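Pasting the structures in now, so scroll down.
Both complexes shown next keep chain A, but they swap its partner, so chain B is in the first and chain C is in the second.
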Partner chain A sequence: MLSSDCLWSFSSTASVAARSYSHGKQETDEEFDARWVTYFSKPDIDAWELRKGMNTLIGYDLVPEPKILEAALRACRRLNDLASAIRILEAVKDKSGPHKEIYPYVLQELQPTLNELGIPTPEELGIDKA
Partner chain B sequence: MLATRLFRLVGNRNLSTSICLRGGHGVAKVEDYTLPAYFDRRESPLPDIKFVQQLSPEQKSLKEKEKGSWATLSKEEKIALYRISFKESFAEMDKGTGEWKSVVAGIFFFIGFTGLVVLWQRKYVYGDVPHTFDPEYKQKEVQRMLDMRINPVEGFSAKWDYENNAWKK
Partner chain C sequence: MSLAKPAMRGLLAKRLRFHLPIAFGLSLVAAAAFKFAVTEPRKQAYADFYKHYDSTKEFNAMREAGVFESVRPTGK
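Up next is the complex of A and B:
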């Protein structure tokens, strides 16, 4: 999760716990990221799990870290699903909202993976324009 | 039973379930609305089903090619794969409809129409105004107000020049 002590001034920096409760240990950002990377890195992940994971992740109030997205893109590769990989990139851009600097950063971090797997960006395909 | 299995291979879901019904097993027909549906949603980027369910032969061979290295796919093939799975891209689903222009146009139109109705009413519906609106009567009213020294300090009569019988310049 990209927290505010990095480069952007978000209004809230709190790590995101899956449940909100005042007692108990709060999950740190690193734990959150690690959990999601593990989820997508499952070798025999199936299509439903990929969809469920992505839709849940996009539902959170954050933009996923590049390492989570890399694991998700590799999951798409294992499932032979190029369309979902492109869709994930679109969703990241959409999730950044007004913070226009996030998407180029994420693409920059993901460039080695994109090149390795042969995943085009939505801009390269021209589907980022209506 | 064999017939249902045969039809299931062909992929005709409704026919197979209706055969089950004739077989007397009491299976309810699967309604379309109960099946997973396709949605283009910002908050749910990967829908439950692909957009295109029946693939043409070219699309099927493209899907086979997808199992290999993606770097060998051309740009058009990649777009074709995207369009098989998804109906609209994020940009397309988010774009506005321009409906607001119709709404504003409608507002102006009906305001204009109301104006016409009001004008027509003034001419054909309302009777004459009372005689107290006549210019001569109005003059007499003003004179009476000045005689009564209405608001002589800062208001009405204060603006009248009583020496010269005219409004103050």
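Up next is the complex of A and C:
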């Protein structure tokens, strides 16, 4: 169940386990972030790629950086998908788990983008409470 | 007051690094506690019972009580 590869990735800064090689150069956090910003910045990204990207990203042991989320939100704008944009915000809150300081920080960093694109937060819509 | 950037990576890994050794440790303690509180006393109880057990005497007592079909009580 816990392979030795997983144990190695616990002690490294990168949290990607798409392929559990213990050989090969470890991707830095900056390279990881840049790769995902590029992914979501594709001008003609399609709806499938947006969903696939978000689902893959959510599977990692990390809360995505605001700059990745910004690129994803802009992709939602290009695809006229407000629902996914709000869902992304809900996903960030969920990924934070017990660490309640992460979501407010991410919202703070994304505020200019949210204002520019006219994206309401779940809290503003009142859908954050069951 | 703008918020400082919190840790956003490896949160599960950090949690597991803390909780998994505790989980393994507690499991081992639970197993050890069961062994010494239940298993060993039980084994000792059996050992004590059979230490001076006279099977022939017990057999005859049962025979006289009439619980067997293969042998009747003595006399009669």
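Everything below uses one rule, namely that the second predicted complex is superposed on the first by the 113 of 130 C-alpha atoms of A that agree within 3 Å, B and C clash if a C-alpha of one lies under 4 Å from a C-alpha of the other, contacts with A are read in each partner's own complex, and residues count from 1 in each chain.
Here is the rule we go by: a residue touches a chain if its C-beta (ideal position, glycine included) is under 8 Å from a C-beta of that chain, and two chains touch if they have at least 3 such contacts.
Quantities reported herein were computed from a predicted structural model and do not represent experimental measurements.
Engineer: Is A:110 touching anything from chain B or chain C once the two structures are fitted on A? First, second, both or neither.
Structural biologist: In the superposition, A:110 touches no partner, neither chain B nor chain C.
Engineer: For A:128, select first, second, both or neither according to whether it touches chain B, chain C, the two together, or no partner.
Structural biologist: first
Engineer: In the superposed arrangement, does A:120 touch chain B (first), chain C (second), both or neither?
Structural biologist: A:120 contacts chain B only, not chain C.
Engineer: One more residue to check, A:73. First (chain B), second (chain C), both or neither?
Structural biologist: Once the two structures are laid over each other on A, A:73 reaches no partner at all.
Engineer: Figure out whether A:87 sits in contact with chain B (first) or chain C (second), or with both, or with neither.
Structural biologist: first
Engineer: Which partner chains sit in contact with A:99 here, chain B, chain C, both or neither? Use first/second/both/neither.
Structural biologist: Only chain C; A:99 stays clear of chain B.
Engineer: Given the touch rule stated above, what does A:45 touch, chain B (first), chain C (second), both, or neither?
Structural biologist: neither
Engineer: What's your read, chain B or chain C touching more residues of chain A?
Structural biologist: B
Engineer: By the touch definition at the top of the document, which applies to A:29: first (chain B), second (chain C), both, or neither?
Structural biologist: So A:29 only meets chain C here.
Engineer: Which part of chain B faces chain A closely enough to touch in the complex?
Structural biologist: For this pair, the touching residues of chain B are 42-48, 66-67, 69-73, 75, 78-79, 81-82, 84-86, 89-92, 94-95.
Engineer: Where on chain C does chain A make contact in their complex?
Structural biologist: 2-13, 16-17
Engineer: Note which residues of chain A are touching chain B in the complex, please.
Structural biologist: 50-51, 54-55, 58-59, 77, 80-84, 86-88, 90-91, 93-94, 117-120, 122, 124-130
Engineer: For the complex, which residues does chain A have touching chain C?
Structural biologist: 9-10, 13, 15, 29, 61-65, 97, 99, 101-102, 104-105, 108
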